[in-house]
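Here chain A shows up in two complexes: once beside chain B, once beside chain C.
For the complex of A and B:
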């Protein structure tokens, strides 16, 4: 007799249970004063401030954020592609006949990736002071490593028969590699690198919220002084930019799909990256961000061994780590379970259209701002932090699910409906079941991202490693900062190892990245 | 004739070259001033815009205001030499001075030697005005918010007085206090009822009341703290080397010389909420340093 186990479609819905404790605890602490503020905020959406000063400042802010994103994205993509090639086993095997150098580089690259761009930003700020390079480098470091990982994963999972054939026929190593693997890499690079630009824009906005300039700073300051009309001016502007970017990128993807010449695609991508990189510098200069300003390098005072031991003893590790884990699990549950649940409950055309708009708004709002906003009518708590973090990721998961579903045929759905199944179960088993395995695999990966992102909302919940890190940075306790970063890195590396296993479990034995790669973050 | 890829390559190279070129502009020796972000940004921009113009006129050097959006970032900017002259709070000033030996306290406002915070409460919260410090006990079990985490008047001193009265941070509703982020936000959140009570800088409270941003039916002062020394101007130790001998003295002289009789200077003083700037000394901040160490904000 076979063992009973939940099917993947049900397994994707179960995490939505995390919504229950979170919403209950937020509703309990909801109060009247908050209702007034919430209403004011909603009303302000249709009356954004059009005062010249506010609009000018927001317009300058969005330019800073966008050009920062552009510069850091192009740099990280170029470095990432190079490092990705350098960390691919197939490359080393072709040239040297052994693959261990690739493994070493891969392991080393896991470290910059495990630390969130915000932490890089705050650390760099301590070391080089106020410089526009802080935000740029903070994004470049983890993004380079992310791009490198995808590039090397893709190279290593490609079919090697053509490569072997070429080598045996006497072709040189590099020309064999380019001819055999190059063409297939074109579309992958195009869609993934394009997607990274959207991520860079969101990343640059979040850095702004923490005081590194741009539209994020405007949003943060306006929300903090409760100027909701000003908040909406900046939000609408950001929405316009993000929406046009998403549209333009998907147009480009569609256009390039028609072309079969992978090598030409790669060359085009590289040229476009170089040009955009070069153009973003004068653009930043034009909005009065001086990249030529000398850096004031002042390394952090290194703590002594005794201070490090002391830091290890004084911090409440069990509480810090367990609340970080709880925050991750709750936020991931909300992010994974909500989109399929909402689609199942409301699968009509209108329902899907409304959900798309809501997911778009959730993606748009930087997580720390959602958290600050929720705190206007609720007490600071872990639940608020989890909801804010979950909400942003619902936006990402929802979009991914929608795109995945759009690509598959609706034969099963039609068949089930024709056989008399109810709309909801027909959707669940006819439509969603085709995507559920890859959805779960992607969800495992997303959980990883959420663990890293806990640092962004830590301050709100007043709990977890993220909160403690920012508090220690605020009291300039370097020993604690170093120990905390080490623990956080270790935690994310363990998390990555676990979710990698889960991913392989759901996508079968292939080591290929799940689903459309262009939605990796 | 060059082929298409060749031309593309040349074009790319040219664009890259011009991009890099524009990045290497020469910068002049500018006095960079900053401030902790303790009030709403529009006000800060206006205030420091006027002050920069005035200082530039008096000192004959270009002056630039660089906005910083959180307290620790202001301290780091000072430590890393990104700012020459910063308007710090008591705690942040001590933190910055400890990290930058030789930094000089050059002036404070007339009100800063004897500065106070106020505790405010929402009128519906049922909290009554206090007769003495020990009645802060009323705040047990209430939703309470400080301002910014590193603020002297919005967190450090209020927390100090609360602890003297026997109120611990986990006695508040929810097991911990909130941090609104700024004095203005504290007023707004207590007035809206999001929090029952909060503590903030009295000078910000007074100016908010003058500007009609406070609804006395919704929020009231329940207690004023005893006085302590707060805000001050802190200058880098290397200003004389950078701008010429005697520059720090001249700077001190210019700041303390701002007068209400001049129209532009009167506006600056009004925005600072002061009648004048006066000499200040680092010894005034020994108490703040001790309390900062007790509360773990200074290591």
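For the complex of A and C:
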């Protein structure tokens, strides 16, 4: 008992210590004029621009972003469900009695998943030029792979007794699979596919920040020219769309929950996806985005073996990898530790309500814009990149924690309060302790996402592999680009393996994605 | 004897009728009171009203001159509750759970330190020994314990709180007769005297008539009303029929 034995609640709080070096570093590099800009930015929130051209531009931008997200989401969901079934061991075992084809497909799918949509976007931009398809395909590639992984994981973890029973009774493989596993997949698909639409909207906004059009481009231009009133017009519009989307998805989930027929749910989801896919194309055309425009295909020049070796020798790997890892650790620390710390310090109803608003705003702001905003009063640095990345993910983690706490019983909290414990201690022991294990499991998954997202802030914050990638892309050094992508892919796959183990530690199953479970409940 | 808890004209409404219906009673220091009645008679509601977790729709509950709807931290720690579902924190070990009883007397830093590494282990060991458990289980997770051990750990947590009044909500529920007898004796023999040698007050809900003789007084509820409130020796078959009978 003399050794430290940190418990899940304290392990969730300790990462908040990452805030200390990050904030100190930013405060040290805080420059004159920064405070004025910060104040102007805050004031502009209550006075967004209502000039006709600004509102019209923002309105057109949000339509482009939303329809891009809708099209890429529906396509990636349809492809993802198909590939998920194709990469499920249970499917191959039922049809052929062997599972190796599933393993091969899974391994192949791991590569597109490990590369962030922004990176896909920049690569496609080089290959086909500026086309609306760039943003769509850039989202479709990794999202298809992510949906496929969840679908196959869920299929493989379902109880197989019913399937075996049906097979023994002489049912065909397809009928047995649909009857035994199909019904339980309905709620999983519903919650996860819905969640991915929100992600696609954020992804399309981020791609816009990097010049691929839509509300992201409007936001980036307005922020760079310090037109904070225009920034807030676009941000409030984005907030309205995000909020409406969350509400609609929640209503749909509620409606579907009433139905216990999983097969009907899957059929409806697929029909809805096809309809939305078909509707988003004319919508894009309506906002002057021509999807029929011919692509200017120019394949990337493949570097020679010697050029690749030269790239490996030229780049400062230790510095690049260590700064990427440090960025991940700091951003993940901020994202994981801050929400429970804030809730513990201000557990009152008013405190929680204020925190929810702040988390909503942090989720809303695309990460590269947060980084640009921070650079209005601080120099580009690893700390700025970490805070920007951490801040966005605080929004995600905070929302998830609040939803989890709302769903759990308050019996323990009442018991400790009745025994005289202070509000903060009672919240920590009676409320947060019950959620801490699943929170840590989700935090492990989120760390994985954060590692992938370091590309986005690395480019803005001038640090890590992301920054080097944009430099190499800018100088058309394809050998460096390929080597860097390979290293980044390897890093994210290693990260995924580590976080899988952590998830197993906290939930008892690597296949059980806490996010899916949480959204289902 | 000094009056500790007074319940005056308490009503608690629910959709299916009144859970508590014009309850008037008082409990004095040092009393050992058994609270009896069939399922759904209002025993748990009465205990919840007594510790302030359930506010009455009408009437008052007074703990030493303070209304339980507005108790401060100092007064709340004087009332200890042994919940029917125990309410142990599954993510923590035995020592950390026992220390939950001391949260009222400590600050947030102490609470955080206890989550990092169980502290004040001597005090925890003392409580654990009083409930007949070996100190070797201090570092065990409560989720790994048997039902009987969990019950004892919850009592140890109560001892760590050092309350003046103990409210126990069916602590013998779901225990086999031998273990139930053992836990009751443990309760009455080891937990009822404070470190200062003062007798604690007990209000325990239970079903087993054979145990009523261990109490000074029996209060019986039926459909949210008090139908019997007399010394335990007055409880005869006729009274039992009144309490548990359908009429």
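Assume the second predicted complex is superposed on the first by the 507 of 521 C-alpha atoms of A that agree within 3 Å, B and C clash if a C-alpha of one lies under 4 Å from a C-alpha of the other, contacts with A are read in each partner's own complex, and residues count from 1 in each chain.
In this text, contacts are C-beta pairs under 8 Å (C-beta built on N, C-alpha and C of every residue); 3 or more make two chains touch, one makes a residue touch a chain.
Not measured: the values here are computed from a predicted model.
In the superposition on chain A, A:406 makes contact with neither chain B nor chain C.
In the superposition on chain A, contact of A:126 is made with chain B only, not with chain C.
Once chain A of one complex is fitted onto chain A of the other, the partner contacts of A:476 are limited to chain B, with no touch recorded for chain C. In the superposed model, A:288 makes contact with neither chain B nor chain C.
By the touch criterion defined above, A:380 reaches chain B but does not reach chain C. Touch criterion met: A:434 reaches chain C, while chain B stays clear of it. When both complexes are overlaid on chain A, the residue A:422 reaches chain C alone and has no touch with chain B.
Between chain B and chain C, B contacts the larger number of chain A residues.
Across the superposed pair, chain B and chain C touch chain A at no common residue. On the chain A side of its complex with chain C, the touching residues are 1, 3-10, 13, 344, 411-412, 414-422, 424-426, 428-430, 433-434, 436-437.
Residues 29, 31-34, 36-37, 53, 125-131, 210-211, 217, 220-221, 224-227, 267, 271, 274-275, 277-282, 285, 290-294, 296-298, 372, 375-377, 379-381, 459, 462, 471, 473-477 of chain A touch chain B in their complex. Those residues of chain C that touch chain A in the shared complex are 51-53, 73-81, 83, 85, 87, 89-93, 95-96, 100-101, 103-104, 106-108, 111-112, 115-118, 121, 138-139, 161, 163. Residues 5, 8, 12, 15-20, 22-27, 37, 40-42, 66-73, 75-77, 79-83, 95, 99, 122, 143, 149-150, 173-174, 176, 178-182, 184-185, 188-189, 192-194, 296-299 of chain B touch chain A in their complex.
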